[in-house]
Structures are given as structure tokens and as C-alpha cells.
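Everything on this sheet refers to the single structure shown next.
Residue numbering begins at 1 within each chain, and the chains themselves are lettered A, B and C in the order written.
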Amino acid sequence: MSYAVQTGDFDGPFDLLLHLILRDEVDLYEISLAHIVDGFLAHLDAQVGVVDLELTTEFLVIAATLVDLKARRLLPGPVDVALDEELALFEQRDLLLARLIEAKTFRDAGDTIERLVQAASRSLPRTAGLEDRFIALAPDLLAGINAADIHAAWLRVSAPTPPPPRVALDHVAPIRVSVEEAVEDLVARLPGAGALTFRSLTDAFGDRIEVIVRFLAILELYKQGLVELDQTTTFGDLTVSWVVDPAMAAGTGAVFAGVDAYDG
Amino acid sequence: MASEALRATEAILMVADEPVEPQLLGQLLELSPARVDELCEELAASYVAVDRGFVLVRVAGGWRFQSHPDLAPYVERFVLDGQPTRLSAAALETLSIVAYKQPVSRAQMAAIRGVNVDAVVRKLCQRGYLEEVGRDPGPGQAVLYGTSRLFLERLGLDSLADLTPLGDFVPGPEVVEALERGLGADGSS
Amino acid sequence: MASEALRATEAILMVADEPVEPQLLGQLLELSPARVDELCEELAASYVAVDRGFVLVRVAGGWRFQSHPDLAPYVERFVLDGQPTRLSAAALETLSIVAYKQPVSRAQMAAIRGVNVDAVVRKLCQRGYLEEVGRDPGPGQAVLYGTSRLFLERLGLDSLADLTPLGDFVPGPEVVEALERGLGADGSS
């Protein structure tokens, strides 16, 4: 199934989110966003050339909104944000909320359809049709039909269907980044580098998704107490500095173990 | 309150397309064939008693519901005015699939045409243009259909070999896939 | 003595292989469709009164005989074709979108579900729940889908108007609250 986020049997981002929020009763804080983003990237990777731009964009919007919302909750507050930005975020969140409600509505309607089908399947209709003595009376359905008509019908039904029109994506380079790789890269670069700005860590990236993934990786490290984050002014640069921890000097294995644990 | 066996007999006979033998009914109801005959006679008498428009009769070794003979004029009107007089384009396409690719299951026809074909196949079978020719050996044991002698006669053909040859015509990949895959009963009925 | 119209209705429905519309019955019996509905309701009640193993129901816009749901265990043993496979959650959700939003394109379904629906729609068409009902007049002329008559038959509904209004499925305040909390919308962050 195209688009399946590789997290169990979920059929897309809404399905997954609904499940995570409603069924497990965990809040967004617990959702493994890294997992969703990685699954998405894996999907993009596998679908080079047949990516549905509309859906891809949609998923990106959802992922970005989640990242945004999640960042708000992970970062130490109170974060001083401009009113416009705050309102825009609320708007995105409300949109996401509306879509989740819509998805839930149709899912529940689908459950009712299933119940109707199950109930109706307990009765079978009479399909015996005409008794033999009446069949002779029935109009000959093959009247006026000859072998050429049968041949033409077969050609009609079996002709190759023209491929659906699609947007050429040859110019779109596939994105190959994962949160895990970003963590690995940061663990290699940050120790001993002093305070680096988030901008300097991402200015080599042309793709927004790479910046998002990098940001997720930094949040990951922050959560594990491996980096400190600082933002001195509104809209100012976010600085990232490595917290020297001798226990970690042995290697980076524990960091990756941490990424897995974070998947919750 | 009618007995469970009487009611079950009515239910089975109502959904049966062919006369049902008392042996089979007896097996399903855990009764002797003789007892089944008694039940059916009881049912038949009860329909006559209240003057129903249908009868339960024993034909061809089994029991079946039929319209009451004295209502034949109404049924004839239904046959003449209530039935399609021409094969729809959809039905013709389904018929052509069977003609060229028999034996073929309903699931395969549905996969090729992209729509459910159950009603069309039922109609074509009832009219005697198609017939069951076997069962798919795979799981599900789907019924396989072929064209009948009547089909050839009506088309003025001696045998299937007289159908217009396909030459080097290559069907679309989805058709080839539908035919190659051992599509079982999934999706039909 | 049952009336001729009642008996003729029973006779015709016994030989029909799909629901018969009251308009057609009315035409054959020279009665108004409304009168036909009354007759059929009368018949249906008479079967219930004596606890028959079959019922007369109005489904997909017409009247048909079917087995009584109580007797499903017996009928299932009789019918050789296995029960049609159940619909997946994805198929049910897509089906509900089409049922309530028809006519609707695949892109519109995908937008609501957040996933590509091509494979699911193809399957639902093959199984006869959905059918193409037209084309979008706009650019691209996307195929528009709707539910089929078979959909109503499979759900045991007379018409789409019998579906529970979509509004009844909109989640209640406690679910919306849970979703809001999930998205950190309760202002606690």
C-alpha cells in the first residue's frame, strides 16, 4: 500500500495519529515522530518516479505541523514567540484536528457499514430465476449478435489501458536522510566544536525536510541531555552546544539505543 | 410456532437455484429423507391451504418453490415486459471473456472488467448461454464457466474454433495478470 | 381466498432473481406503486405471523424473497460458495466516504484518508460495492465513483436515505477533547 507509514498496520498518517492519540491514549509527546518521518523517507525512496506530489506534500505538512507542535512541548518554556507565528501554528493545529475528526467520523461510519453487511449476510436472496417453462418465452438476448460482435467486445475489454497521466518528477532528487543518520552526523561534529548555530548546522541543506530531520535529531540529543540549546533573542539563532559527558566518550552506541527507546 | 426443521427447509429451498434432493436436505437437517419428504408435503399443503401464489413441488428428484400454475399469465407478462430484451454492452463483454478465455472464474472476469459480474453471469447461465464447466483446483475451488452449445448455435458457429481469431493481438498487462493469477472465489458472489 | 393481486405478486417475486421495483410490479398488475407496497407489506406481515423460514423485504428499491436471518446456520451449510471475504478497515473507510460524499473522485477520497486509495477502489469496484458514475467536468475529467445497487443489497438497505446520517458519527466532545489534548491544544504546554 502506497504511503503506509512503517509502523505496524496503519494505513497512512491520519490512521496512525488517530490510533496513537485515541487508542493508546498517549499524547503527541509520546509519538515517535522520528519513526513517522523515517518511514516517510523510506517510502519516498522506494517510490522514486511514482510519487504522488499532492499526497507527499500533504504528509510533509502534517509532519511539519507535528514537529512544530512537538518542539513547543519539548523545548523549555516559556518560549517567546511572535503572535503571528503563534496564530499560524494554532491554525495548522486546528486544521490537523479537523482532519483527524473527519477521519474518525468516516471510520466510525465504516464500522456501521460493516455491521450492516454482517447482519444482511445472514439472509440470502432468492435467485432461482425463471422456471424452465418461461425461459422459452424470454427474449433471445443473443438476437442480432454475431461472432464479430463478440470479437469486438473482447478487444474492447482486453485492450491495454493508457497509463494515467503523471507529473514528471525526474527533476526532483530523492531525499535520503533519516533522523538516525542526522544524529550520527551530529555526534561526530558537535563534541569539541563549541557552540554552533542551528543555521550553521543546516545551511548546507537545500531541502526543508533535511532541516526538519536535523532539527528532530537535535531535539533527540537535547532530550537525552547531550546538548544544550539556547536562543537569546526572538527570531535569534538557536545555538547548540555539546554537553561534555565522560560516560559518553566511550562511543555513540548509547545514543542510538536512545533513538530506539524514543520510538516508544 | 413453526418447527425449526420446517423453517430451515423453507429457508434452504428459498435460496436454492435448483431442486434440492431430500437426501441433501436430510443431511443438513439431520433427518431421514423420508421425514424430509413429510415436512415438504406438510409445507406444500400449508401453502395450498392459504392459497399462496407459489407452490412447493417435487420435480427432478428434489423439492423446489415455483410460481403457482394458475398465475402463469402474470409471470409471462413479467418475462416479456420486465426483462431486458437486449444484451447490455457490459454483458456482451463478459460473454466475450468467457468465449475467448474459458474456462474462467467469476473473479477472473471481475478482475478483467473491473466490475462485479455475478448478476450478469447468473443471467447468462439461466438463459443457457454459459454453463459451469468445472472447479478451480486451487483454494476456494471457484466455479469455472464456459460457453454452451446454445451459445454457438445462436451465433451460427459450429465450434469455438470458428470465433474470429485474435491474431497477434496482445491483451493489456492487467488482463494477462488477471488470467494468470489463480484468482479464487475471492471477491465474487 | 387471497386476492389475485397478492397471489400474482408472490408468483412474480418467486421467479425474480433481483429485487423487483414496485413500479414494475404495479405496471404488470395494473396497480399504483403505492398499492403494490401495501400488498407487499401485507404479504411480509403474513409470513412473519406464521413464522415462515423466509421473509419478504424491501431492499435496493425493490421487493425480494430471502431466507430468514435466524436460519443462517442451515443456509450457510447448504450454500457451497464460501461467504464473501470481509472488507478490510481501509476498504470500509473508503466505502463510507463514497457512500456519504458521492459522486466523488479518487483524489477526493485520498485527500480525506491521507493515503492513496487506487488499489482499494479497484477492489471495491470488482466486488461490486462501487461503480463509476461519471466524470468530473473540470480539468483532468477525473472518474467519479458512487455506490452501486449491489451495495444497497449487501447492506440490506432500501435506499441511501436509509444510511445513518453522517452527522451521527461525528465524534462526541470527549473524543474531540482527547484529540485536542493529543495535539497539545489544551493550552497546558
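Annotations
Going forward, a contact is a pair of C-beta atoms (placed from the backbone, for glycine too) under 8 Å apart; a residue touches a chain by one contact, two chains touch by 3 or more.
From a predicted model like this one, the values you see are computed outputs, not experimental measurements.
Of all chains shown, the one whose average CA position lies nearest the global CA mean is C.
By number of C-beta pairs in contact, A-C leads over the other of A-B and A-C. Centre-to-centre separation of chain B and chain C, using mean CA positions: 23 Å. Averaging Cα coordinates per chain places chain A and chain B 47 Å apart. One inter-chain figure worth recording: chain A and chain C are separated by 33 Å, centre to centre, where each centre is the mean of the chain's CA atoms. Residue numbers of chain A whose C-beta contacts span two or more other chains: 124-131, 134. Of all residues in chain C, those touching 2 or more other chains are 14-18, 54, 65-68, 75, 79, 84, listed in ascending order. For chain A in complex with chain B, the touching residues are 124-131, 133-135, 137-151, 153-161.
Interface of chain B with chain C (complex): residues 1-2, 6-12, 14-16, 20, 24, 28-29, 46, 50-54, 65-68, 71, 74-75, 77-78, 81-82, 107, 110-111, 114-116, 118-119, 122-123, 126, 140, 143, 185-189. Those residues of chain B that touch chain A in the shared complex are 14-18, 64-67, 72, 75-76, 79-80, 83-87, 89, 91-93, 95-97, 99-100, 112-113, 122-124, 126-129, 151, 154-157, 162-164, 166, 169-175. Listing the residues of chain A that touch chain C in their complex gives 1-4, 11-15, 17, 20-22, 25-29, 52, 54-55, 58-59, 62, 69, 72-73, 77, 93-94, 96-97, 99-114, 116-117, 119-131, 134, 165.
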